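Right after this note come the structures.
There are two complexes below, and they share subunit A, which is joined by subunit B in the first and by subunit C in the second.
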Partner chain A sequence: MFQNTKCECGHQNPTGTVLCEYCGKPLVEDLPLDSPLEMRYDGVARRSQKDNPALIDRVWNFFSSVKIAVYLIVITLIGAAIGTIYPQESTFINLDDPAQYYRDTYGTWGAVYQALGFSRTYESWWFIGLLVMIGTSLVVCSLDRVLPLYKALSKQQVRKHLTFINRQQTVYKAKLEQNPEEWTESFAKQLKRKHYKVKIEGTALLAEKNRFSRWGPYINHIGLIIFLLAVLGRGVPAWHMDQYVSMDEGQTKQIPNTNYYVKNEDFTVEYYKDEELPDNLKGTARAKLYETKAVLYECTADCDDPIKEPVLTEVDRHDIQVNSPLSYKGLKLYQYNYEQRIRLITVKPMLVDSRTGEKYGPFELPMSNPPLTYTAGPYTLKLSDVYPDFGMDEQNRPMTKSRDPNNPAFVFIVTGPGLDESGEIYIYFPLPNAEDKQLQQMINASFQKSGNNSGRFSFEVGKMENVSFSEYTTYLNVRVDRAMPYIWVGAAISMIGLVMGFYWHHRRVWLRIDDGILTLGAHTNKNTFGIRSEVAGALKKTGIEVDPKALDNRRNTR
Partner chain B sequence: MKRYRKPIQYVILALVILIGGYAVGRSFFTTSPVLKPGQAAPEFVLADLEGNVHDLESYKGKPLVLNFWGTFCPPCRNEMPALQHEYDKWKDKGLELVGINLSEDRISVQRFAEGVGAYFPILLDRNKKTEKKYGLKEYPTTFFITPDGEIQDIVIGGPMSEEDIDSRIRRLFGE
Partner chain C sequence: MNWLSISSNAFIIAFFLYCFSFIGFCIAIGGRRWSNRDVEAHKKRWARIGFVLAILGWVSHLVFFFTRWKGGGHIPTSNMYEFMTFLGMAIMFAFIVVYLIYRTALLGAFATPLVVIIIAYASVFPSEVQPLIPALNSIWLKVHVTTAAAGEAFFAVSFAAALVQLLRVVDFSSKEKSAVRQQRGVEWVLIFIIVIIGFLVSVFGFRAGGYSAEFRQENFEIDQQGQELDSVQSVKYDLPPIVAPYNSETVHMTSFLGMEQPLFEAPSWMNGVNAGRKLNTVIWSIISGAILYGIARLIARKPLAAVIHPHLDGIDPEDLDEISYRAIAIGFPVFTLGALIFAMIWAQIAWSRFWGWDPKEVWALITWLFYSAYLHLRLSRGWQGTKSAWLAVIGFIVVLFTLIGVNLVIAGLHSYAGV
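Let's look at the complex of A and B:
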């Protein structure tokens, strides 16, 4: 469709212009003649509006449309809402078969939900695609509008077309009794007192204030774009990590996929005493404190050497409590969970000669990576086998039931004075429970029967101070979130933009006096009541008494 | 300003395709680390019982059977003799058969291997590192790897019979 964009004032406007860029006369007559003008973007054409759009312009125009942006946002919100119906897969630490889990836990709907991929909504291609499209739309929409608006506002004409002034929301028209030049001067003075910037051209006047608030939405958009980019940035592996590490007390473990190791020196859980609790909670276990005394190490040498132990250097230590993580160079270790589970760390048993009642030792026996030989008095003990979780297989052979040191057993070959050169075999269960002691006796007795020992020795720990053990296993959540500072910066910029746009209002007043007739129009994007009383106040000070309500141009249309 | 309008449009749309493409593209590749036949076998560097270092690279050019096992797993114990037998049978034709122990103490591994009569090379995983790289869920798990380092076959669970192992090794040799 051909549109004549040349205004009667002689100005050639670009396609899509609503109000003449020069004099403000409406170019598109689609509204009732006396209704207020559409003042969005001051009536200038959006940048991408063209007569013959090429493919790239069509793509650009798609993203330039606010209507499309609203659809995108609504679809994204619906998608995000669907993602909250059942828990997301990413919230589970160990989920080997998601399909099975969703079917078992949430029934048919759960199975459908999982099969459709909603259990991974926020990582799905379509959701990320929507976010990318919203981001694009933000950039394109802003760019297409802010540049023309900036140009329009920085080269405003003082003398506007009468139609433009008459069709503002706030309008005053009357015969001026006073001298036009003098009155204009005194009115300008009144507006200046209200912090307007005033320009006068003969008997035409333009007053304006708080133009900067028009940039608020665009600053808000810049903030949102930074925010969105930061969210997408979490997809970069080095920017985001979410791992879990479990450690017994005294145990050091590597944080997966990093060069860091963490040690749990001690874990404490404290509960409130009954007198500290309100009546209705008395007698219940209410946790007061969960604390892991943690040490963070960095591996400095031999990190991936399969023969040597890694060389660790302490880099940080912190008593990790809930909401008080260990924080080191963007790495954060949070208290996540704990489990009460007794695990031996080291025992110092003595070798007891049951014939003489004499005790030898003690010798130190660590549960993990035990050395191969020990000395107790004149006797040498050679470690022959280790079962971290002792049990019997189906053919009644000793075996370990798992890799975890739940019930460790050690087989020693004892050599020394008065013993055979090949030594005698004894098994030792360090855990002090009756079942194990009985098993120990039984197995040693069977060794005796088969002639592997003489039944002369046994093991004894004696005092508890010879046993160090871990009572709790702590679970730490290790996180890296390098996008977080950018998210905060984005959010702050966005907030600044919102405050600019909300708490200051762009106000403009135009007037011209033609043959003693004063025509005044005023426009604001927010709070029309405010601008009417401001204009009425200024008019009153110059001797024109008018009710603020009477300035409302929309009164005709309602 | 008008002069730059087109280039700016192109730059912005190119950035969108670049950043957006990366973000969307990544969402297709964040699946669980379960290995499938046809994929390349993950690299490892591990010590054997004598303290010699072995890596996957050193087995390239020869068909390789990689058996993950632990002393705590009865099926692992039960398939050891079959594995040893197959190793003896194919060794001279160039087969490599390696057991990777699931991060247990050297002494336990040594005693166990002697006990069940496994004399093929046994490597010691540490802190479940290699096991995780191979995405193990069940024990034993055996990988049949071609001379170019590609996984041809994965057997999860056991014990495998000698005939079963034999037929898979035959396929490794392209028979």
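Let's look at the complex of A and C:
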């Protein structure tokens, strides 16, 4: 396309210019007649409108097109919507065979959905790719426009071409009855009272306000870019950690892959009282508040030594509730969940000699990390086996079903006066339920049968004070998210840009008086209604009555 | 009298004031042709009456809100009933703001019925004050819900203005393809609204008649440990069961017009008892909507849009275009702040992640992307007039889907109990 870019006023414009940079006369011949001018970037040329684009220019042009941007936005929107049809795989905590699960739960469509990868939409390469492309588009589009716009707005001419004025959205044209200079002065005064900055050259006038609002969209876009970069940055492993720790009351656990340990000193739940509940919920237990009294420790010595206990130093403590995490140097511990589950912490049983009825002890037996030897009176107990979650395998041999202390059992070798050198073997179930007691008796009896003990000893806890137990298990979610500050900064910048761009409007008024004929044009990027009533108001104060609506130059177009 | 009963009385007063306000605005527009009147004076007078009634209704609505807050002990935005009434209040606020800028009675005639429908819809849900679960007990949640609703309210006003604009500019005399398409499109929007009214009519009608039915459904499931779970769920219907839940048995059922048994059973892919009930509700809404629409068509003998069209000729479509756009321009930053940024802050504090791709979150993002597409198209592709009006109409449907549809169709962390 060949286009003459030299204006009749003598100014040589860059290729792609729509309105002469100097006087505003339209340069493109085929602009639709008598419609308002396209004022978007004041008609200046942008980089993407260069002649003979090279490859890099073509990429640039692709991303600088708002049309492409809208396509990207719409495709992202549709992709995001498809991702909500069935639950995402990431919402299940453990899903061994997703394909199977989707087929079973959602039928054929579910299977197809899963096979096409929509069950992982938001982690998929194409979705992230779209976000990256939006980011690129944001950068390129903004750069492509903001510089030319800045230049155009900082070198505006006061006296504009008549065509330029006549073809604004808001136009007033009439014979002026008053003295041109005096009227211009008084009109300028009116505009100044409305906070316009006014420049006058003879009988030509340019008034402008709120130019800064033009930068709003760009500031918004910068914020969005920062936000997007931060979101992508969360993919960097060192920036992101997401772990779960479950603890019974009184338990201390290491936070996986860190030097930190956390202790659950106490867990409490408060339920709604019946009178606080509506009728249909009365009598049900509804949690009102739950809280973990947590202590955070840092390991300061012997951390990786498998033999020694690590040395822990308290660094922080906090009562963690749902909306109130513990936060220490970028590490955050959130209340994630809890479960009511009775777990023993320690018991203090006594060794009972059933022949004499004499009791020895008590000795202290902690459920986690129990020591290897105990003394009860003259007797020594050596721990030979521990089953945290006791069960029997197919051959009826004792085994542990898991590492969780759901149903602990301890096997002791008792030695002491009157006993064999090799000692006697007894099993002990500290949980006070009948089933366990029966099991204990049965197993001990079978030990007796095979000659491993004489059936002389049993165990007894006696008073409740000798048992300490945890009623709840708390689940904490441990997070590190180093990108968060950038996320918030990006969001804040974006918001500032939005407010600037939407709650203030850039307004400009041009006028010139030629042979007693006043030609006035006004432009705003938003709220034409507002500028019309502002112009009509100012005209009225200078003695020209005009209905704001009559200023609208768009009447004849649709 | 305690706070909660003051509150529910204020709610009823607000409801009626809104209805009267609607009538006022209608008279302002429709009564222009009444004989021997000064058209401008008539319009001004009745528009003023409509607006004053709207303000009074809104004040009463505020009374409802704050007394319920006082009586319930927490801000009433935590279940569907409370949220929808709050949304109605926010739309009224947005309407008042936009009305004060542009002063068009037409906007009132379309925004007030929208509010009436929304608060009637709210009343379908149980209105008891419910206790909060701990995650909801956060200042950020309050800030989030209120600002998000405020943003959405401006979108609602934009929808009202865009709908008037479409009704105003669509050419009902033309048989051209594009004109016919527009005519159909506008008519379908009206039908959509009438179906919602049909829903309200059937729910309140059968509720007033004390209708009920109950079903039981037994469910076998195999959980992840390979154990069989057997659960029995039951569900109560307020509407006569045209569709029963899949594989269910009737516990009891009031007969309706000789109908003693459900006519159909929901298809098997509709999991759970509630899916059957929701499907039944949808069918009833469509039936009653169709009846209402049929009656209206019989009376009017032409498309409803064509009935409304001639009453709207007093206003410039450009002004409506501007109002619709301006409402979005005001609402967009508010929505961004409320529905996305505050939501992220709250999610970060309560759930330890600022974003979790929960369906509700995703739909808030979709809404936001949709309106940003609208803004870009308008700004740089010159999509103004009818094109942008269509987008504003569709945009509000997206908003409604985010607020209601997601709860009905897809459930997530945010889901309130749905009808």
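Quick notes
What we mean here is this: the second predicted complex is superposed on the first by the 539 of 558 C-alpha atoms of A that agree within 3 Å, B and C clash if a C-alpha of one lies under 4 Å from a C-alpha of the other, contacts with A are read in each partner's own complex, and residues count from 1 in each chain.
Everything that follows uses one rule, which is that a residue touches a chain if its C-beta (ideal position, glycine included) is under 8 Å from a C-beta of that chain, and two chains touch if they have at least 3 such contacts.
Since the model is a prediction, treat every value here as computed from it, not as a measurement.
With both structures placed on the common chain, the touch criterion links A:Asp389 to subunit B but leaves subunit C unconnected. By the touch criterion stated above, A:Lys549 is placed in contact with subunit C alone, subunit B being left untouched. Of the two partner chains placed around the shared chain by superposition, neither subunit B nor subunit C is touched by A:Ala115. Once the two complexes are overlaid on the shared chain, A:Pro325 sits against subunit C while remaining clear of subunit B.
Once the two structures are overlaid, the count of subunit A residues touched is higher for C than for its counterpart among subunit B and subunit C.
When both complexes are overlaid on chain A, the residue A:Ile487 reaches subunit C alone and has no touch with subunit B. Judged by the touch definition given at the top, the superposed model places A:Lys401 against subunit B, while subunit C stays out of reach. After overlaying the two complexes on the shared chain, residue contacts for A:Lys288 are found with subunit C alone; subunit B is out of touch. Look at A:Val59: by the touch rule set out above, it reaches subunit B but stays clear of subunit C. Residues 96 of subunit A are contacted both by subunit B in one complex and by subunit C in the other.
The touching residues of subunit A, counted against subunit B in their complex, run 47, 56-57, 59-60, 96, 123-125, 128-129, 131-133, 135-136, 139-140, 143, 147, 229, 232, 235, 253-254, 256, 304, 306-307, 368-370, 372, 383-389, 393-394, 399-403.
Per the touch definition, subunit A reaches subunit C in the complex via residues 38, 40, 66-67, 69-70, 73-74, 76-77, 80-81, 83-85, 88, 90, 94, 96, 105-107, 109, 121-122, 242, 272, 276-281, 286-290, 321-325, 332, 334, 336, 477, 479, 481, 484, 487, 491, 494-495, 498-499, 502-503, 526-529, 549, 552, 554-555, 558. The touching residues of subunit C, counted against subunit A in their complex, run 101-102, 128-135, 137-138, 140, 224, 269, 271, 316-319, 322, 325-326, 329-330, 332-333, 336-337, 340-341, 344, 348-354, 357, 359, 362-363, 365-366, 369-370, 372-373, 376-377, 379-382, 385, 406, 410.
Listed in rising order, the residues of subunit B touching subunit A in the complex are 1, 5, 8-10, 12-13, 16, 19-20, 22-24, 26-28, 30, 45-47, 51, 53, 70-72, 74, 77, 102-105, 107-108, 111, 124, 126-127, 132, 137.
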